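The following blocks contain the structures, represented as structure tokens.
Next, two complexes with chain A in common: one pairs it with chain B, the other with chain C.
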Partner chain A sequence: MTTTLTPPRAEKPAPARAPAPLRTELRRGLGPWTGAAVALTVFVTMYGKGLGWQGRWADATNLLHVVAGLLCGPLALAAGCWQGGRDRRRRTTELWESVPRSPLRRLLVSVAPSALWPAAGLLLADAVCLLATWPYVSAGRPFLELLAADAVAVAALGALGHLAGRVARWRLTAPLLGIVGYVALGLAAYTEGTARWLGPAGEHQFSWDRPVWWYGPVSMAWTAGLTLAVLLAYGLRPARLRVLALVPLAVAVAAAGLILRLPQDQGPWRPDPALSRQICDDGTPQICLTAVDEALLPEVSAALAPLNSRLKGMPGAPARWVGGISGPALPGDIELPSPRQDAVRNRLVRPDLYLNSAVNWLFSDTCQDGDGAGPNAERSWAIHLAVTEWLAPTPDDYGPDTTGAQPYIDRLDAKSPAEQRDYLTRYLAANTCRPDEVPIP
Partner chain B sequence: MRLPPQALYLRSRGLPGALAALLGTAAAAAWAAWWLVSLPDFDHTARLPVVVLGPLLAAGVIGTSLHTPSDELDRTAVRAWWPRRLVHVLAPTALAVALLALALPGHAEEFGAPAAVRNTLGLMGVAAGATTLLGARLSWLPPTFYAGVVYLAAPAGAEGGAVWWAWVTRPGPEGEAWAVAAVAFAAGAALYAWRGSRRTTGEA
Partner chain C sequence: MNQPATVAVTGLTVRHRRTVALDALDLSLSPGIHGLLGPNGAGKTSLIRVLATVAAPASGRVELLGGDVGSHGERTAIRRRLGYLPQEFGCYPAFTVREFVAYVAWLKEVPADRAAAAVERAVERVGLADRIDARMKTLSGGMVRRAGIAQAIVNEPELLLLDEPTAGLDPEQRVDFRALLRELGTEATVVVSTHLVEDVAAACTDVALIESGVLAFRGTTAELAALGGESGDPGDSTTNAIERGYTAALRAHRDRLAARPAGQRAKESLR
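Up next is the complex of A and B:
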């Protein structure tokens, strides 16, 4: 007996679907490494700059903007250039030509990792830094539209670098492009004139300003439009379709025109009254800071408390200590040193040093040329040092040598509280520009 | 005409082009240093970008010249390769050091010839090491990344161990910065002489 062995009928397995080319491109090659390098660049620089930027949105945003423009941009340019030369190095250019996809589509897929990964790394680093800033800010908002414009600028530089790498065969193109990028973006950031605001690293260090609402979107239109025009001009075929590149080019030119019409010195930045509004405590003398530094008010009040307890109710004592943009506005106002420079995460690092500089600012008179001279000038300086030292001792590791002032300090310490108060009143009333008028303790 | 084997070696590595690029780098560095100092409100301390970027470009030029188009064939040779590799790193580096030192005259205590020499040696060491780990054609990337990260992050003073980790931004005479650069150069050159470039057929 013979039997026929027939294999059991099985369904033909469905062919495994190849992953989309874009996904493969994004996962392979230098792209992910570029994103990681960009994020690491931002983290290291932000950490290396100290953590003073954590207190104000404007400070954090400005530093992130400068790092993105000056450091991440050239890195994206060089890495994109390397990625762009990949097919030539692998000798797969002709293979790509045989793919049944339009040249523009192939170009966009291969440009994607050079543009998207640096932008993604930058956005991740921006998000982490803004989250680290959030608990410590007092007023205002992060300028998210500027950070988004930075990400678009970095992506645009990556894409332009990619095209340069495709076109140029020279092996030094990528490092040279990176170095030229550092130089060009650095020069653009420090030039005078409105063109500075076209570059991706134009710096603005003023904490009571906000950018005009349209600046972020228009900057994006400028960088993205320019890059898209170049990509279309390179990738569109047949050649008659390249006219379409004029559309993004027109958008970019219009955006650049808008930016170039900004005022030269302040560019897109306008004062924001909500940020420079004064917030005061209820002590005597009163301490007033701007709204951006409101969270520092308790720290400053605590640091100045020993001085204020001596000055309270004294004739000639300041009525208010005023810090920030407005400065002394009323009679009796005395300017405060900026507490933000000495603060990390809303805590004054050296309250003793801050108190000492506040006392120095209290006793600083604006003298004319020729004032402060004469036979008693040296004595006057020693008394000034002694009074400052007595009110707020200079920290040991800081400030001038107080040996010469020590006799006066001892005399001040030996006085009764009423005598001390009397002397301080006379000292505050004296004009320290005229050494003969300075009372001797 | 029959060329001597040395000439064939030089040509296969594109060294004439690399030497021309080194000369161009030094000329550009000299001009940039002169231009920066001539600007109003700037003095010789403004030469820091030249002291960082000039050696960086020189390291990129020498690093990419370490690429060989016939790696597998080279490795079949009966002669030991390490002396040739060592000479290939040392000779162009010596030339770059001399050219960049000449390009930045004066002010040795700040950003003059000593700082340029140190940075050339250190960044070349990083590039030579990267040649072994990543391949010669991408060897410029690690020194570029390092210099980019450190340039803004470095503090103005020496706090936080900056003389060690930010050696590329330090003034010329600091011993710690020199030590890091010397170790980087010795390690990078030795690694390249020992292992050669990473084989990068079909690289990404």
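Up next is the complex of A and C:
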């Protein structure tokens, strides 16, 4: 040490303002790293889940929601807990107890990085993922109110973790709290009761639904109210002021009451007619998808074109291929497998596989117990496989062994086009649940 | 000693579980620099912590700067005029010196329009102006201690409590620190708890010696030095004289305790 306590004569003018404590808290320490970790967690998970979520707002929102609740929440909890133990680790507690600034304001400023940075990291990652989704969606809008509720929930978990870190003296509390949070949030997300809609990770799979308008704001009131109540109860001095914590607690309880009154199965989700309406092409048979998958219609039409050209005008052939929520509503409708699962950015990754799946769905009959048995069952299965393979060969390494079906495939190939149409008509008319009725090629 | 007391402690008792750290202590301090001396475990830090409003006494009355620390409202007002450097000074290593001292200024409710200048002045006074924008984690132990002093004086306190302030400072910095203390002591009441007699000799006008939670000696630095008597060594320094006085005061106090009736000593030990 060469400097002394002698004050140097500095000529530069004093800055107009001292560094604001909130800004300092937000800039320094663990906060920015937590925000970056949260954003990275979202990016890595979304990328790891494939890019199928890019086609629908609901898929992107749902996946972001689950990642936020199940992964970012525990991360914020653990990071907040570590940050909350800072004063004890740095031995500043005693000094802070001698200052006039109210404990609540001190608490709110020191909690800020634990709450705001994870929320900021999440919102940034959400924004990037939604921008990546935007070019490929067909209908609807992103559920921004749910993503905002996720950010509030993650901020709340960060703040609660911070308080836990202040109270608990054990250094391993932070990682343990993260693990416990992950298990608890996971259990809450997959429980059957209505209470799962209180948790920040409740999953919903139907892409043509939308949440009731009030669910996002009420979820925010629930998590923020509860957290604010705990913060006030901890930070308010003198103790008689703690009764004020009952106000946000009452808001949280009222919000929870509204959520718990939702239907157990569908929770806040309701079908959106604008998303679930059918969009059809003009081919024969017609192909119809829900509006959320409208952008995939040309891809699906192209994938099914070879099959449709064979089935066109054939008795027993499907009148329409129908995908999505409505399913086969009219006589002659055949259900389509969901094209979204096989699509990336509105392109079917494997059209041949999709065609094969569609053929399998075309020939699938709903059989009763005891059906499909008898001396001709094995032959019936081989013929089924042969017809399927003949119409839409299974790509290599994807399907079953076709050795037993090969003779029938050879016979089908050997037929004239008229004979092939005749056989296919008979096969479509047959009940494949009864092996004796399945025509032999 | 004609100035009004800024610290008035009456019958102050502090207990740590079953141990009595301070035993019905009476103490009155006015503006100036007051050294708080005593052996390890005598109760110096317990007294400083009560004066810093960090610890609550088991009994007794504590008035600081004319206010009662037992009253919530008055305690807040006192804290605005208080500076405190704890024995174990902690800080946030990621903060710069400016940010940390400004953070404390905010905690001490220094008005925002005065905070920037107050921070710079406090940091300059402890000789850290050239490191004001350095992170705390890059400072040496002595520099961190000086940053601790800077945070204690950022609100220009009327009552400044320093617990072992020179620990970690090198001799040159200690000399400068004592000069700073003398400057601060012209207007404020400065209480320096230390076991370094030379700090007291160089800077303090007044000494309180605490032994086993009670006041063993109270007087000026010169009076403490006089207790030690004349030294035969012509090269004997003031510091050595105060050390002799310190030892003599402690022994005299212990002798007084030993001379008391056994029953009274037993009662006191049970308190």
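Just so it is clear, the second predicted complex is superposed on the first by the 421 of 441 C-alpha atoms of A that agree within 3 Å, B and C clash if a C-alpha of one lies under 4 Å from a C-alpha of the other, contacts with A are read in each partner's own complex, and residues count from 1 in each chain.
The definition used in the following text is that a contact is a pair of C-beta atoms (placed from the backbone, for glycine too) under 8 Å apart; a residue touches a chain by one contact, two chains touch by 3 or more.
All values derive from a computational prediction rather than experimental measurement.
When the two complexes are overlaid on their common chain A, residue A:E97 makes contact with chain C while staying clear of chain B.
In the superposed model, A:Y47 lies in contact with chain B only, and not with chain C. By the touch criterion defined above, A:L131 reaches neither chain B nor chain C. Shared-chain residue A:I179: touches chain B; no touch with chain C. Of the two partner chains placed by superposition, only chain B is touched by A:A37; chain C is not.
When the two complexes are overlaid on their common chain A, residue A:P74 makes contact with chain B while staying clear of chain C.
Residue contacts after overlaying the shared chain place A:P19 against chain C, while chain B stays out of touching range.
When the shared chain is aligned, chain C comes close enough to touch A:R106, but chain B does not. After overlaying the two complexes on the shared chain, residue contacts for A:L330 are found with neither chain B nor chain C. Note: residues 28-29, 86, 90 of chain A belong to the chain B contact set and to the chain C contact set alike, using the contact criterion stated above. Interface residues of chain C facing chain A in the complex, by the touch rule stated above, are 49, 52-54, 72, 76-77, 79-80, 82, 84, 86, 88-96, 98-99, 102-109, 112, 115-120, 124-131, 140, 142-143, 146, 151, 170, 172-173, 176-177, 179-180.
Those residues of chain A whose C-beta lies close enough to touch chain C in the complex are 1, 3-8, 10, 14-21, 24, 28-29, 86-87, 90-101, 106, 237-238. Residues 14, 21, 32, 49, 53, 56-57, 60-61, 64, 67, 137-138, 140-141, 144-145, 148-155, 160, 202-204 of chain B are the ones that touch chain A when the two sit in their complex. Of all residues in chain A, only 28-30, 37, 40-41, 44-45, 47-50, 66-67, 70-71, 74-75, 78-79, 82, 86, 89-90, 171-172, 174-176, 178-179, 182-183, 186 touch chain B in the complex they form.
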